[in-house]
Each structure stands twice: as structure tokens, then as C-alpha cells.
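In what follows, subunit A forms one complex with subunit B and a second complex with subunit C.
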Partner chain A sequence: MAIFNLQKREIECKIVYYGPGRCGKTTNLEYIFKSFKKQISGDMVSIDTEGDRTLFFDFLPMGLGQIKGCDVRMQLYTVPGQVKYSSTRKLVLRGVDGVVFVADSLEIRRNKNMLALKDLEQNLKEYNMSIFKIPLVLQYNKRDLAEQGLPIMPIEMLEHDLNRQLKAPSFPAVAFTGEGVGTTLKECLKLTLKHLQKSLQWGQ
Partner chain B sequence: MDVKEQIKVLLREAEVYQRQGLYGEAKIKYGKAVDIIRSIERVKNREQLLEGIQAKIDAIEQSVQKIIKAEMHPKISARIQDLIQEKFSFSGDRDQASLEGAIALAKFGQYERALKEFDSLIGKDALRFEAAKNMIRCHLAMASADNADAAVDQYRQWLDADILSVEELHRIRAFLDTHLHQKGISAFLPIPGAKETVAEFEVGMPVSGTSDETEADLETPDEDMVDINAVSFALDHGPLKEKKFELEVSFQSGNTISFIIPGKETSLLDNLTVGHKIGDVQFFSSIAIFEASALVSAKTEIKSGPKQGSFSLDLKIMSA
Partner chain C sequence: MDYNQVFSGYLNFLSLADVLQILGTSGCSGLLQLHSKFAESPGVVYISKGNPVHASAGKLEGLEALYALFGWKDGKFEFFRRTVHQGKTIRKNRMEIILDGLRLLDDGQIPVLGPSENFLPHGAEKDSSGIPLIKGPLVDYMYVVDEECFENENVIVEGRYGSWIWVILEGVAEIVKETPLGPIPILRLGEGAFIGNLSSFLLHQQFERTYSAKAIGKLQLGVLDSQRLSKEFARIPSVFRGFVLSLNNRLIQVSDRVVELALNKPDTFPFCPNQIIKQGKSDERLYHITDGYAIVSRSIDQKQDLPLVRLVANDYFGDVPFLDMGLEPYGASVFASEDFQAAPVDIELFDLEFTRLSTTFRNMIEVTASSISIITKVACDFFNRTRGKTNTK
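Up next, the complex of A and B:
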């Protein structure tokens, strides 16, 4: 839940990048850290383990400037994708205001995407939140791998698997080169701020 | 697609998956390539090709082993510990937020720092018991599977000091007792207020997998449950279906109650497997009788001491 400091006219919200292991959540944040210098308000913190796998979470603070008379600070987090870090994922998700679900376009990761989305739904439910109501954006990452001759899923298949009921905004991406990263983030920020404006009746 | 092309495609896929850290997938593709090469005698440089692929599979195996063996909770810098403490405390109340921050540190496996934080909260009346209980949890999580000396020492220190009330000490004792019991560790825990006492139970070898449970247990308060003296329930399946059983509680920690069941009660024990949910259990306490479902959360054979051969059974009260 966003922290609204009325005295300081400050609002702090939390966006979590969720998805299966090795889908590119950290790569998204790394690109944002490199490319949105103006908005980045601190260092990116990564706590990873063997093979550059996220162990606890990644953290990236951003300042979006003044919106409707309030200083808006966004904090981006990633969760560890590996199945065994289930309790850490749940912990990182606490107090979330918006979610970017990063799906892996590789055909062989089809089942993992669906399991990760189910895991997200379950963990949100445990905080009395609904995946249908939270600001959510889907990103279909690794679209470039088709050029290397690897079997990737067509967007239609990803939409059918993951977004058939959610009907959330979705974007193709190549997080490694930054393609689609900014668009995904901007859409999630937009949805999150809109949602907060409505729920906190902020600026009305 | 001809065989040569098929092998090429498989190897290319495997290499990309390996680069991406998708080791399981890479191994499958390498394996398929090996199967094809083995099935055809007339592949050029067949043996070298197989050796080369095997080397790649070995490298993947090494990477996988490194990941498996990597420490789940490495010690991290004080700066990141501060960040965890700050970002994972949500309460508007400052003291409560400090407790949440310390619990988060413990959940991320930063037990030493968490212990310091809990210790600093012990002086606060409203947080004393939670802080103390979480200190015991940290000690247990840091301990090896068959050793809980630090947790027991901590409890003894509190017994001798004027920090916790007798009631709080009783609750801490019950809590520690249950965890030691789950770990299969026998330890003497003096009863608060009593000059001389004996250990309530002695159990044998450690039970595997309990340290993770201890860690996962680092949760919010669960001590509001009334003290349960006994339970009554009927089995819902098996040859003893609908037969009523009444069991006396031997210890309780929050919403988990434990019983000692003689080993000869095989029909009952066979029906109460871990994970089994019992509906309509009647719980008897000195102030009320209520009904709820319960989950069999642990069943351990006692392998030494006066209760040898009996089973310790834990029931978690699910919902009233």
C-alpha cells in the first residue's frame, strides 16, 4: 500500500516485477537504471546468488517529480523467480501498488509462465488483493530470440495463456536491448497512479 | 529437416538456453542431440562430437550444483540490512514497525542482526513477548539440526533475569518446548517459578526438514489462542470411521497443540497422517468449548526416554 505523507506532500509507491526464473526481471531494472538517469533517485540494489540469480530482491528507487502537488516516489522491486524462494516472493509482494508480470516468450517456458502467474495470483490473494483489480501490465520478453532460430510463442498464444481473463495491457519486449522496457514501465506507472488517485482520492 | 540440420538446431538451442541460465532445458536439448548422434553410425567426427557435448553437459551439471549448494541466506552488508529493515516495516506505529523490520531481517536470514534488533525491543512492554519469541526463533534457525543450545541458554538467561513475567516465560517455554520436540532434541527446560523440575519429555533423533519450518514460522503473533486441555473428534475414514476419540493435550504453542499417543494405537495413528485435515474437532478449554477443523501438522515417533515407542502428534487449529 502506498505511503502518503500528507505533511510533506509525498507519496511513495511500490511496483513489483514478477515472473518465472530467468525471464528478465532484473534485466528490466538494469536497463531502467541505465536509461532513466533523471528519474533514478538512488543506487540499484541487487542481492543475487550463483549464476546471477536473484536471491532476495532487486530494488531501484525513482522520483517522478510533482504530480497534483505531491512528490511522487516509486520504488521498483523484483522477486526471485526460482520456485524455492516462494516465501521471499510473498514477502517482497507485501504492500505492492502495481505489478509488471514478465513472461518468457520461449516456447519451452510456457508452463513456467503460467505457474508464475498462478503464484502471483495466490500470493496477492494472501494479502487480500485480487489480480483482477491490482494495476497490472504484462510484458512478453525475449522476442529477439526468434531471430536466432529459437522457438518462441506467438503473441496470440501468450495472450491466450496469460491474458485471456485478465485483459491487462501487454507489451512485447527485449529487455536486454531495452526494447519495450520503458513502455511497460510507463504503462504500469500510469495505471498505478490512476489507481492511487482513485483509492486515496488524491488531487480531487 | 536432415539429420545434420536437426543436430545443429538442437545444439544451437541448447547453447542459447545454457547462456540464458535455463540449464534444465539446455540439458534436454543436448541429450536429444546425443541420442540422434548415437543412433547414426555415419556422423562425421562422431566421437569428438559426443565428447564435446558431454563436456557441455558436465559444465551445466557443475553450474546446477553450484546453484543448489549456494547459501540460501548469505550475510549481506549492513547497508542492505538497513534497507530491508526500512522497506519491510509497514506499520504506522514506530515500535511495531521496528518489530516488523526485525522480523523481515530474520526472514531474509540475517539472524545475527535480527537478534540485536529484537534484543533492543525487549525493553518495550508491548513488544517484549514477540521480541523474545522471535529471538528464540532466530537461535533455532541458526542452530544445526540437532543442537539448540543457544535457544535453551537464552531461555535460561531470561529465567534468571527480571525481564519477562512468569506468564511470558511459561509461554516462551511452551514455544521452545514444541520446537525442540519437532526437532527431536531433548533438553531440560526449567519451569518458571519452580525451584526444581524435570524435563517433560525426551525424544530421540532429529526430524529432518524442521529448520526450514522454523524459518518459515517467523510470522505474526499467534499466541491469542486460549489454552486447550483436551480435544474430541471422530475419524472420517478407515475402519474406525465415526469412532470418537478424546485426547489430552500435552503442550500447546499458539494454535498448535501436541499429544502423546501410545504406539499401540495403530489404527488411530495410521489414520492421522501429516497433512490430514480433521473436520468438527471439539476443543475443551477451562473457559469454553468450541468446534473447529484441525490439520495434522507433525507426527514423530519418540525413540528414547520414558515415552519411547509412543508418538507425538501435532494438530494445528484451522478455523473456528
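Up next, the complex of A and C:
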């Protein structure tokens, strides 16, 4: 749930990038940090966690305007995948407003994707949130690997595996070059703000 | 009441990471104090405009201290609003500290503060005899009506009757259980600790002493104004009085348990198959038993549990945030019988009643809790020793 900072007249939302280890969550955030410099306040925090990195920074989306006279500040996070980082995961997921699930297109990661999605569902449940209700966007990352001759899953297969029930907006991406990164984030911001307005019964 | 104390609560509800985030987003300046019953002194974080600038925890200072405080999962926090003039020793980004602190915690690099094998509660230490020594807080002389001096002699003897209570002004007394195999020392008491039981105030009648107390060398005692204490005891709301007596009952039981273990006697605990509190799991509630039995037991290793105390109707169990018994939920599990029933207690009310007590009374309750913790450890030591013997046979 977003935090209202009355002092600064800001609404603080939290968007979390979730996905199996090495799927490109960090690459997504690094790309955003690099290419949206103007909209970012403060530094990027990067914590080395085993097998993954946890990233965090503040993002001020442009063009969204104000909500009820308040600026919107987005906190972008990645979650460490490993089970043992439960304290970090708990902190990051507590009060999350929107989720980007980054899936790995590599064929050999098929199972890992599905497990991570299940894991997300479980973790959200612990905070009384439903994966079906939270603003969620899927990203099928590493689409470029086909060119290098590595076997990747077709989009239809990923949709079938991950999005059959969720029916969330999904985007192909190559986080490394930034392809699809902006679209994914934009869609998630849009959904998150819509959801926020709806749950606060604004704009009626 | 410090009016600058603007924000406080329990760490097992709102962790340090959460508190730092809240203070951070609000851009507060002031002093954040953390209190844990497992630490001798409070941990302090200086916060300027929402960002931690300095911290101290025990011997640690700066960022290292702040990280260590992430291991304080249990206890209280208080935030005092004030201008911070403290020199800046921490320059890291707030969110980086929070995320890194949690990572270090998850990686096991920050120790979680809690009861451990070698843990001695506040005020307890070991003297040269190897028997743990408990010292109490400062003596409130308002309640001392007379002074007595003992030298290498018994102050009270187990099995005899009496209701006097003394506070130790100077010297050390050894608490001993009398057994057919001779006396077993279980504990030593130093300045500020009490000789005599809380149950002495129950009725105006003589009570059988449950232990002997002997002066080690010269022992200067203050006789406490038992009439005044009895009156105060009578004024306490009956639920809280019941809690105090339940505490006293635990002290007597763990002491008896030491004797049982020392003499290798079989225990006589009722069958309690249902685990209701798991050791180490935090449950911030306190319960009042209305029916059935419960057993408080500490797990020695993965296979063995050592039953310590048997609880019956009108006893209390669970987490008491203002007292440290070293038992459930952090240092012991609770098992219940099949017909067991219990109801949660309003802990805020208990906390309030506790703060309303006179210093002397509060000290007595605190020393009782520390004694339970120490004697539990003595019982475990005996258990390990006798088990060691049977293993080598």
C-alpha cells in the first residue's frame, strides 16, 4: 500500500521486480537507472546477495502529473531470489504496489520461471495479497539469445506456462540493450496508479 | 514521562528496518533507542533528517553498531525528537544500510540477539565458585526497616517456617537446596537481590522456606518492611497478583527440578502431547490457563527436551515483554495436555501494572525472573552432566 508523505506532499509507491535468479531483473533496473537519469533522485543502492544482486532506487515518473496535489515517487526494487534472504524479501515485498515478473526465455529455465512465479504467489499471500489482484506485468526477457543459437521458448509457450490464468500484460524484452524495458515499466506504472486510484476511490 | 518521546513500540512488531524507513520517509531528527532484555545497555541510533548519522551498541560504534542492531529482533524501540549534534560516522545511504543490514542478517553475519547457551541475564555474572551470581538493582532504602549481619551462617533454612524478606546490602548469599545427598548450591545472590519468596505476602501466615540461604563470609542484610509490601501486594489487581504468584511457583519448581536432576530421579510430568509454543518462535502474547496442564520445556538438542515446569489452571505462560525468565517463547517450548484451555491476557495492562509497582516490588519480581533463568540453566547443566554419564556407561 502506497505511503502518503504529507510533509513532502508525496505519494510513495513500491514496484518490485521479481523473477528467477539471473533472469535480468537487475539488468532491467540498471538500464532504467542509466537511461532515465533525469527522473531519478539519489543513488542506486546495490547489495550483493548470493547468486543475485538486490537493487533499489527512487524513480520519479514524468508526465504522470500529480495525484490530489501530491507528487508520485516510485521506489523500484529487485528481490533476491534465494530462499535464505527472507528478511530482505519481507522488507521489499511489504506494502508492494506493483510487480514486474521477469521471465527467462531460455528453454532450460522453463521450470525456474514457473517455480519463481509460484514463489511470488506464495510470498504475496503471506501479506494477504493476491497475485490475481496486484498490478502485475510480465516480461519475457533475453529474446535476443535466439540469434546466438541458444534455444529459447516461443512467446506462446511462455504465455501458456505463466500467463494462462493471470492474463497480465506481457512484453518481450532484451534488458541488456534496453529493448522492452521502458514499455514494461510504463505499463506497470500505469496499472499501479490506476489500481491506487481505484482502491482509494478517487477519480469517480 | 519524556514528552520528546514521540514514537515507540515493539521490535517484533515493527523491525529496525521498518522503523528506519518510517523515520526516513518522514525526515525525522532525533535519537532512536533500542532496548533488549538480552543486552546490557540500550542501542542508540542518531538520526538527522531521516538519515542515520551515528550509532552505538555495546562496545560497537558507527556503522558496525547499526548493523549489529539489526540482530535485535526482540525488544522495544523509542524515538526521541531532538536536534542531533552528533558527529557523522555513518555516511551510507539509508536504504543501502537497511538492505545491507537485512542481507547480513540473512547471511548469518549479524548475530541475532537472544538467549544462548552462555547467556546470563542482566545483572548476572559468574564468580570464582563457578556458581552463577545474580545481583539486583539499586536498593530502595525506604523499605528497609532494620539491618542484620550474618557471617558464614544460615539466614534461612529450607523446611523451616518464616515470612521475612531481606534485601542484600553487602556480601554474597548462597542459595542451597537440601537433599538426602547433602546440600546442592544452585545460585548465589549479591547486592540488591532478595532472600525470601514473593508468596510471603499472600496471607498473613508463616510459610515453609523452599531453600536455604547461607552467608558466604560477611553478609549485611536489610530487613524489608513486610507489612508495607503486603499492603501493596493486596492492592495489586488480582490478575496481576496471580501472575506474580505463578512466577514464584515457577521459581520453586525449577529449583526442585535441579534436585530431581541432581539425584537422577525420574520426572513426574503429566502427558502433554500438543506443542503450543515452539522454542525460538516469537509470539508476543501471554496466556492465562483455565483448564488442563502445560509443560514448559527446553530443548537440549534436536532430539531431547528437558521438561522444567508444570503449569496448571490459573498459571500464566507466553511472552512477558517486561521480564526475562529465559523460558518460553525464546528459551523454551510449551506443551499442553488434551483438555488444556487458555485465554490470552491483555499484556498492555500487565505492563502498566508492572510500572505502577513500587521499585522494591518491581526489583523483587525482576530478580525472581532472573533467578528462574539462571536456575533453568543450572538444571540444564545437571541434565547434560548426568546424560554424559549415562552415555559413557
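A few notes on this one:
Just so it is clear, the second predicted complex is superposed on the first by the 168 of 204 C-alpha atoms of A that agree within 3 Å, B and C clash if a C-alpha of one lies under 4 Å from a C-alpha of the other, contacts with A are read in each partner's own complex, and residues count from 1 in each chain.
Keep this in mind: a contact is a pair of C-beta atoms (placed from the backbone, for glycine too) under 8 Å apart; a residue touches a chain by one contact, two chains touch by 3 or more.
Remember, predicted model here, so these are calculated numbers, not experimental data.
By the touch criterion stated above, A:Pro154 is placed in contact with neither subunit B nor subunit C. Once chain A of one complex is fitted onto chain A of the other, the partner contacts of A:Ser87 extend to both subunit B and subunit C.
When both complexes are overlaid on chain A, the residue A:Leu145 reaches subunit B alone and has no touch with subunit C. Shared-chain residue A:Arg109: touches subunit B; no touch with subunit C. In the superposed pair of complexes, A:Thr49 makes contact with subunit B and with subunit C alike.
Applying the stated touch rule to the two superposed structures, the overlap between the subunit B and subunit C interfaces on subunit A comprises residues 45, 47, 49-50, 56, 87-88, 91, 94.
Within the complex formed with subunit C, the subunit A residues making contact are 3, 5, 7-8, 12, 42-43, 45, 47-50, 54, 56, 80, 84-88, 91, 94. Chain contact summary for the complex, subunit B toward subunit A: residues 9, 12-13, 16-17, 20-22, 25, 63, 66-67, 69-72, 74, 76, 80, 83-84, 87-88, 90, 104, 107-108, 216.
Subunit A meets subunit B in the complex at residues 1, 21-22, 45, 47, 49-53, 55-56, 59, 75, 87-88, 91, 94-95, 106, 108-109, 145, 148-151.
On the side of subunit C, the complex with subunit A involves touching residues 15, 17-18, 21, 25-27, 93, 95-96, 98-100, 102-103, 105-107.
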